[in-house]
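For reference, chains read A, B, C and D in written order, and residue numbers begin at 1 within each chain.
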Amino acid sequence: MLVRLRKNLTEPELAAVHGLARQLGLRPRFLDGTSDLLQLDGRSGPDHRSRFEDLSAVEAILDPGEARERFQRAAGQPDTVIAVGEGRFGGGNVTLIAGPCAVESPERLLEIARGVRERGATVLRGGAYKPRTSPYSFQGTREKGLEMLARARLETGLAVVTEVLDPRDVGAVSEIADMIQIGSRNMANSALLQEVGRSTKPVLLKRGFAATLREFLLAAEYVLAGGNSQVVLCERGIRGFDPSTRNVLDVGAVAALKRMTHLPVIVDPSHASGRADLVRALSRAGLAAGADGVMCDVHTAPSEAHCDGHQAISLDEFARIAADARVLAALDQRSVMHCTEVVR
Amino acid sequence: MLVRLRKNLTEPELAAVHGLARQLGLRPRFLDGTSDLLQLDGRSGPDHRSRFEDLSAVEAILDPGEARERFQRAAGQPDTVIAVGEGRFGGGNVTLIAGPCAVESPERLLEIARGVRERGATVLRGGAYKPRTSPYSFQGTREKGLEMLARARLETGLAVVTEVLDPRDVGAVSEIADMIQIGSRNMANSALLQEVGRSTKPVLLKRGFAATLREFLLAAEYVLAGGNSQVVLCERGIRGFDPSTRNVLDVGAVAALKRMTHLPVIVDPSHASGRADLVRALSRAGLAAGADGVMCDVHTAPSEAHCDGHQAISLDEFARIAADARVLAALDQRSVMHCTEVVR
Amino acid sequence: MLVRLRKNLTEPELAAVHGLARQLGLRPRFLDGTSDLLQLDGRSGPDHRSRFEDLSAVEAILDPGEARERFQRAAGQPDTVIAVGEGRFGGGNVTLIAGPCAVESPERLLEIARGVRERGATVLRGGAYKPRTSPYSFQGTREKGLEMLARARLETGLAVVTEVLDPRDVGAVSEIADMIQIGSRNMANSALLQEVGRSTKPVLLKRGFAATLREFLLAAEYVLAGGNSQVVLCERGIRGFDPSTRNVLDVGAVAALKRMTHLPVIVDPSHASGRADLVRALSRAGLAAGADGVMCDVHTAPSEAHCDGHQAISLDEFARIAADARVLAALDQRSVMHCTEVVR
Amino acid sequence: MLVRLRKNLTEPELAAVHGLARQLGLRPRFLDGTSDLLQLDGRSGPDHRSRFEDLSAVEAILDPGEARERFQRAAGQPDTVIAVGEGRFGGGNVTLIAGPCAVESPERLLEIARGVRERGATVLRGGAYKPRTSPYSFQGTREKGLEMLARARLETGLAVVTEVLDPRDVGAVSEIADMIQIGSRNMANSALLQEVGRSTKPVLLKRGFAATLREFLLAAEYVLAGGNSQVVLCERGIRGFDPSTRNVLDVGAVAALKRMTHLPVIVDPSHASGRADLVRALSRAGLAAGADGVMCDVHTAPSEAHCDGHQAISLDEFARIAADARVLAALDQRSVMHCTEVVR
């Protein structure tokens, strides 16, 4: 690892650098008589980079070298493939997740679940606990919502992904969900990340509105470091300056992330656009950029939706998106998972 | 309240609008034969705006009218003044908060606490639970840190503000702290906001990296709606596009917020700049723009700091900032609080 | 057109509103006794919206109604198809533009031109006048560069697009170029836009680093209003907050623009990513989102490049991008143009 | 200068590096057997950094060392003081610039000019050539506007600053104006920057909506490199993501720029806020952060204003801003210039 130190260091600051190197079993040597370019040799662990970055003496890590975090893809390392029900993310597998933004009624959920299953989804999404900007907005059906999701899984064979907001609910959500979602607003909620790190369920981690790629990957690292290696990353649009669009789907991030990490990367074109009429174009763009999957808001009666009804797409539109997905995946010899289990 | 509906509504969507109006005791009437401009008359509550915004039929609230959230300053409404120990925020009172980024050792904390007290602070900050981007970074001294803060208060008379990350820790932190801080990364953590809404301690709410003013104020509304009316807002810099500066201190937000809300507004020039040499200029700018206080990272031995050591300022620099504050406050006939209690 | 006026207008402000309405032949009437919602009826011209927006009395245009700018796609209006040499943009035609960032030597330019022609480009790009952030950077071969481009066209049959920076050079560039490019840094350079508005050559207008879609379209309007209806819009990445990527390719903008305007929309994945290894993914994403073309930086000897050498792709990579383009275009029954002229 | 090269360089790329070093009279040596950390010793010129950055082989300049651009403040170098009429920017001098956004009628201009002079301005602003987002908006009174400004100077003794949009107008504007303004939209218009670089008049350069500080300073460098050393920088708000505020006044940039460059730095709180009611707070914040001056939009009849009327402040408000300025300047032993010439 090559580290750049600040200029004019005090004795204690320099001592702190040497002390940490010793503690981590690394051998420090300054390059060529410089007093700020420090090469650290020795076996590196995933925590080394952060620990040096935290020292006030350190200006920047010029080259992390062997100090690779767990999320990092080493040269030649293949994709990590993550299984969620019959869905597979990564390694040539493309998975479609679809469902209503919020879980509202058992009948509506089942209707949507059946519809998306027929059309190509292998995972059902639906929020039981809703993260709302306003305290006065519908906060979700909570435990009842979880029950409705479990019922829908029984009836359709779809796996279930749902968001958890509170570390105290991780247990209950883990019981029901096949995959636990951490939303954008909680991407940097270390307490929640540590809690799901202790879980054995796969995690769907959404990028924060204005998170850099490194911040996003380090949020995933909290889960990995906690012992849970099953993290799927989701690009859902970043905050932009044009009020006419909700967010900006960052397809460059999808492409860059696939190179930086071995973890799967999917896109959420629904929350990115906030417009039902642009979801299909963004879904195609995300898959074309290399995403391992797409997650869509689908609703059969948007006027009833308790949140984001205007951005939900119809089953017909989802069918078109699924068809696009199969063609786009084939471009790279990838394939879209589909449900095979026979259900009633 | 004047609401704009989307075009080409379906029957159910329109019914949902009328149903909600009825439920809230409001009388709807379309303006002038239009089918999208809906005036709602009647007594409005703080939840009305959000509830209409959530309907898929609603495009925008053109004029909230009487539907004012709790945070909103009504015409002529004076500042809410919030007391924290001998500190007072708002209503002509300016308060200085200072201390180390993280609480590390009792001796160091006490040294810093005494130093800032002498120089003008009435509230001591120090993180016992640290929100870190990386799981490998120092996470804080936790309960021991809370004990150290309590000890420092005993010895100096300073009130204490410290951050809580996990709803499960709110009880313990409330026991010790005079003021509970919700950090930027958790501004939209509804579970945490609801928990501190149930507390009786004042809350210091930091603006998220890329939160709009309305999102920021609605986060405060979670706390107010929960029954805790004591919220101080903190502008700490928003995410920018220039990598050479850490964040952008949004003084326009300070000025705008003071008009939008009756709640006090302070600035954190330390986290905004990430540079010890710019803290003083930003502190002055924030106060000049109308902020009710300033919160600084101060450390007597930055090389020992477990986080953000390079941005901490010295006691001497804090003294200069306090002197500036007194002059700037006086420009508007405001005054800076100072500790009067005699301590050992 | 439905206009919202500010509250508490002065007599002169209100008179200015009525005066303008009269001048434009519009009949104003307030809705339903309101004093701020003004409906304007009558025949609307492309300038009406801007002229009302400029009045201090006007808060916002709630509904432009018939006041459509020239760039706007009316309901059902088909794509405008723009021809550049054998290239066609829009209306089911996809065109590939490729070439070096800067025109340096005749031999190199010809080598690259022949290479990209064989592989699917119909238009050659190359900068003779380079817009550089630093005055010390290579500013371009200027007139000699134009001659080299003309020579390359003669030899290959490719049409030529090149950037103009100075209104005084529009004449000379128009002589040589088949298409004139206005770069991001000059998107809002009204003097330059007005000058190319007087030209008869098609214009390639690049979106500014942080331009909203409306600002972008109004920049195009300068050219259209000047009499030149041939404008192709280019999304080339917007400024983001993550220093690890150069810009953020805004595919949502591509999709939204195709709905807002009848003008063709292409993407520049080279300047968007700044990384040769991501150009292909972004090119695919842009086309999948609906772009009418792609413009790439291609170089056969990047180490010689006077600017942006590290982001240039090879001929082989361009061939792969062209193959992707044919498949992606076919998804929507669109086709990629190719050179048919026999050349020596 | 310490340069970091990319990994896996080709022979030609490495040769280009050595070739440039030779050409510039620098001696290259790799540090400590590394193949990417290159130290360049020898006399450095202002162009050296940019020229190395442009090589495809170069990843980054780790330390510019002696390769300082003309704008850079060397250690201990004092402020450059720029004189405009009786105004002085920098070196302890604070100057107020005020006037209407656009020059409309001689009577109105004179009324405003007299008013701001009495209240503390030494420089009159007024746009004769207006940079408009829409081609249908009022473009300015042009040459007639210049004449009106000249007349107002004669009558009041105020110096005049006005914007130029087109390189072809630089001569005419230079004739009349005491200071030439380059607006935000043209900050990166190299043709225009080069033209004013040939002028002998001081230049007021406004920061682009989303320009980094280095891009801003390199734009100034175009002028300095052209031979015109009199550049005053103006921070006028950067593009943000909150549609409720026009721009974000970046006071941190003001503070950082004062350390990076010896050139004066002022703020434009009018265009930053877009709200007459926040101009005063932003003006105070800018001066408190260290700005060498403030430029305000002032109008005696905003309803007549052809552009931005809603953000113009009254003469009374300007008087309050001027009073604030005197107090804030005094905090740092600085003083505000005022007109002393006796006029009729």
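The rule is short, and it goes like this: contacts are C-beta pairs under 8 Å (C-beta built on N, C-alpha and C of every residue); 3 or more make two chains touch, one makes a residue touch a chain.
Since we're looking at a predicted model, the values are computed, not measured.
The chains that touch chain B as well as chain D are A, C.
Set side by side, the interfaces A-B and A-D show unequal numbers of C-beta pairs in contact, with more at A-B. Per-chain Cα centroids separate chain A from chain B by 28 Å.
The geometric centre of chain A is 33 Å away from that of chain C, both derived from CA atoms. Averaged Cα coordinates give chain A a centre that lies 42 Å from the centre of chain D.
Contact of a single residue of chain D with at least two other chains is seen at positions 210, 214, 239-241, 243. The residues of chain B lying in touch with chain A in their complex are 6, 10, 12-13, 16, 46-47, 49-51, 53-57, 131-139, 165-168, 185-186, 188-191, 193-194, 208-210, 214-215, 218-219, 221-222, 225-226, 239, 301-310. Across the interface of their complex, chain A is touched by residues 210, 212-214, 237-238, 240-245, 247-256, 259, 272-273, 277-278, 281-282, 284-290, 324, 327-328, 331 of chain C. Residues 4, 31-32, 34, 37, 39, 62, 210, 239-241, 243 of chain A are the ones touching chain D in the complex.
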